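A short write-up of the structure that comes next.
Going by the order they are written in, the chains are A, B and C; count residues from 1 in each one.
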Amino acid sequence: MKSKAASAPYLVWMVLFIVVPVLLVAYFAFTDSSGAFTLENIARVGQYSNVFLRSIWLGALSTVICLVLGYPVAYLISKSSLKRQSVLLMLIMLPMWMNFLLRTYAWMTLLEDSGLINSFLSLLGLPPFHMINTQGAVVLGMVYDYIPFMVLPLYTVLSKIDRAVVEAAQDLGANGRRVFLRVTFPLSMPGMISGVTMVFVPSVSTFIISKMLGGGANLMIGDLIEMQFLGSAYNPNLGSAISLVLMVLILICMGIMNEFDSGENEGGGMMI
Amino acid sequence: MKKAVSRVYLALIYLFLYAPILLLVVFSFNDTDTKSRTVWSGFSLRWYEMLFQDRMLLQALTNTLIIAVSAAIGATLLGTLAAIGISSMKSWRKKVVMNITNLPMLNPEIVTGVSLMLLLVFLANLFGVQLGIGSVILAHITFCLPYVILSVLPKLRQMDPNLYEAAQDLGCTPLRSFFKVVLPEILPGVITGMVMSFTLSLDDFIISYFCSGTTQTLPVFIYSMTKKRVSPEINALSTILFAVILVLLLLINVRTGKVGGRKGKEAQEF
Amino acid sequence: MPAVSGRRLEGERDVEGNPVIELKHISVAFDGEPILQDLNLSIRDGEFVTLLGPSGCGKTTTLRIIGGFVNPDAGDILFNGKRINDLPPYKRGVNTIFQKYALFPHLNVFENVAFGMRVQKKSEKEIRKTVKEMLEMVSLSGYERRSVHRLSGGQQQRVAIARALANNPKVLLLDEPLGALDLKLRKDMQVELKRIQQATGITFVFVTHDQEEALSMSDTVVVMDKGVIQQIGSPQDIYNEPRNAFVADFIGESNILDGIMVDDFLCEFAGRRFRCVDQGFAPRESVDVVIRPEDIDVVSAAEDCLTGVVTQVTFKGVHYEIIVDVNGFKWMIQSTDCQRVGDTIGLRIQPDEIHIMKKSSYSGLFGDYSSFSDEMDEEPSAPEEAEEA
């Protein structure tokens, strides 16, 4: 079809609402409040390295937990009968349709000092257990909110693995464990890569979950950015600098992941 | 034995996923005052009554619906046209456009949010207006567009390119061929894109939070409620939303016979 | 005049009907790569013309130029004498049957056939009448309400024909319409198409890479390669009097040898002199000599003739295919008698079985069966489209 002109309105939109905003972030990051060029904002980002490290640590931890918990789920779903698969998958996705604020709020009521879990413990005569406003609570919230993002891509890849490949491995004498380790697992690498990306990116940049479950003490990058734009520490130039660093970090991570992905695919291919 | 272990495991995971939601639902019917909201004290609909008397909530709901409908229509129109144009582009141009298109999906949402905020504040100052429903609609169209494009493009790729020519061969002008032949072919993708845009817009908090000024959308309203940490109204609201989503999903699934939703799509297309 | 008896060159064809479509000096290039080079073709009213050639020869592009889907870089397209270069496809009096039919999946059989008439805003009564007639013609009466997904390949083909004919075109363009059908169905549809063409009197321009299909259906065959017309003629002409080594090789099997015209009616090849029926060449002119495998008689090696050693024998059903090594050049012979590998046999060729061709850029590329091993059809099979449904 010769209809290149059809995309003209979109191209204008794309430049105005995708390219220009990113350039604006860069512009603000490298200027001060009077609009003069400065590197100070970028330099100040260094002061918050503890926040960056905490975010990366908590994000990575949640991602690993999601992978460990989610892989067996995806695998078991992909192995069940077709009819059950669709129901099980549907049940994985259903909570995603609920706003994550509400899902996080649900955990607030559970984890509070006077919350359900502690009421239950006191019913059993056990001492109360402080959970809310800890890093553990933040990780729990992120795992809860993002685990479907891990299960879905894994399921997609696992369910597409050609049965014949598995059968060929069995035919060549591999037992169940070896089939999994040498065939299924390497072939599911692309799903793992997208799952990890899809959990890690929102985890690392979250600002609500940490606020709701982590209290004020467990500040993350997202909270930091929000504070510069809408919060008490109003400073859009610094906020832009932090956003720019975060964006670059994430894009680099994804670039590495993609490299890793293609590299692993070749390796996987050779193993079989 | 092995089977039993895997069943128990799946059951535990699903329990983990649903227990908090179920508790919200149960406690939305709890007849209690705000202080001891974790103690069951009898069945009541009082929180629902309170909810429906909340003007702010109804305003937020109206705003959200206006935004979601506008964003879905805007993104669908622009995105469908864009997909048609992109599908006829040469490879390198296509690559550049698709990479930029994917950026809002790859970027952390908060970065998309603040970058759009910077632009919208700039534009608002330029035109002497305030951030509000209009700016949220612009922002939502922007982040919905890639989803529309990505759901229409495969349909265009699957379509026999000769169909468009066949219609012209039989006497249709190019425009008429589009409406009579191409559109019916890509319609499923267009509708998927529209539904995804609608639900993404309904659900969005982060970007609305940065681009809405003083206007409240439902998620922004929910956020302000969770900050107060007191009202079981929020349980009632969650229950209603969950029920609506459940019914909608069931309807969609019965209609299309397919599993898949916005985030499912998102997850699978990543 | 050096023309050879029985051979017709382009422009020399009998002109019975008026030309309905004329292509004059058409050239097209895609991305700098020439697809058609100075192509001239005139198609008479009511004619069944086949464009034949290997994939990439420009035959489909030629068809798309007539249909209006490709604009030539140079040259004119005339329709009934009028230049139609700038006329968009929807205003041309031609209709196309696309390679994969391009039936509208969202419409049923009736609506597919009625499509063109609906666009023209014909009355419901007329539409119903015409659709009925068209479906009768393609033997699909009773399928009106059927969804096109639920039709077999052959039935889809018929709907495509009915849909195109319902528009009452002057010229019907068919782009490899039988390519997706299996062999048996293909044969049936060949007969069917020929019948429809004769019944309606519509000019058919048919594109195919299948030489047998071209020979059995057409009034005129246009052999193309590399964007250039190699020969235009009746099927008999094309087969019996190929104009160069490409045509000789592409149409049927051929032994093509280097030869010299010693004199009128006397040529020399394979180290011997043969009487032939061609004349008008320069003395001692180098030529290509074509001898069809079925035109060679196997005789005893004792006779005074070409002799060679049998190197390979393959049973083909109707005949044996025998490869004979004659002084290093491998000949192919088709014979109903079997031969033993290793035997020395004699080959006899009658004067009128020897076809002399002028040298061309294709000389020396074809005709030796040294590397022969049941050549595959050179057309790569189109990727299977039918997986959905």
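Operating definition for what follows: a contact is a pair of C-beta atoms (placed from the backbone, for glycine too) under 8 Å apart; a residue touches a chain by one contact, two chains touch by 3 or more.
Everything numeric in this text was worked out from a predicted model, so none of it was measured.
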Closest chain to the centre of mass proxy, which here is the mean CA position: B
Contact-richer chain pair [A-B vs B-C]: A-B
Euclidean distance of C-alpha centroids - subunit A vs subunit C, Å: 60
Centroid distance [mean C-alpha coordinates] between subunit B and subunit A, Å: 18
Distance between the centres, which are taken as Cα means, of subunit C and subunit B, whole angstrom: 56
Touching residues on subunit C, where the partner in the complex is subunit B: 67-69, 88-90, 94-96, 98-100, 102, 104-106, 115-116, 119-120, 163-164, 167, 385, 388
List of subunit A residues in touch with subunit B within their complex: 1-11, 13-14, 16-22, 24-25, 28, 69, 72-73, 76-77, 86, 88-110, 112, 114-116, 119, 144, 147-149, 152-153, 156, 194, 197-198, 201-202, 204-205, 207-208, 212, 222, 225-226, 229-230, 236, 239-240, 243, 246-247, 250-251, 254
Subunit B - residues contacting subunit A, complex: 6, 9-10, 13-14, 16-18, 20-21, 23-24, 27, 37-39, 78-79, 81-89, 97, 100-101, 103-104, 106-112, 114-119, 122, 138-139, 141-142, 145, 149, 161, 164, 182, 199, 203, 205-206, 209-210, 218-219, 222-223, 226, 229, 234, 237-238, 241-242, 245-246, 249, 253, 259, 261-264, 267-268, 270
Contact footprint of subunit C on subunit B as seen in their complex: 158, 160, 162-163, 165-174, 176-177, 180-181, 184-185
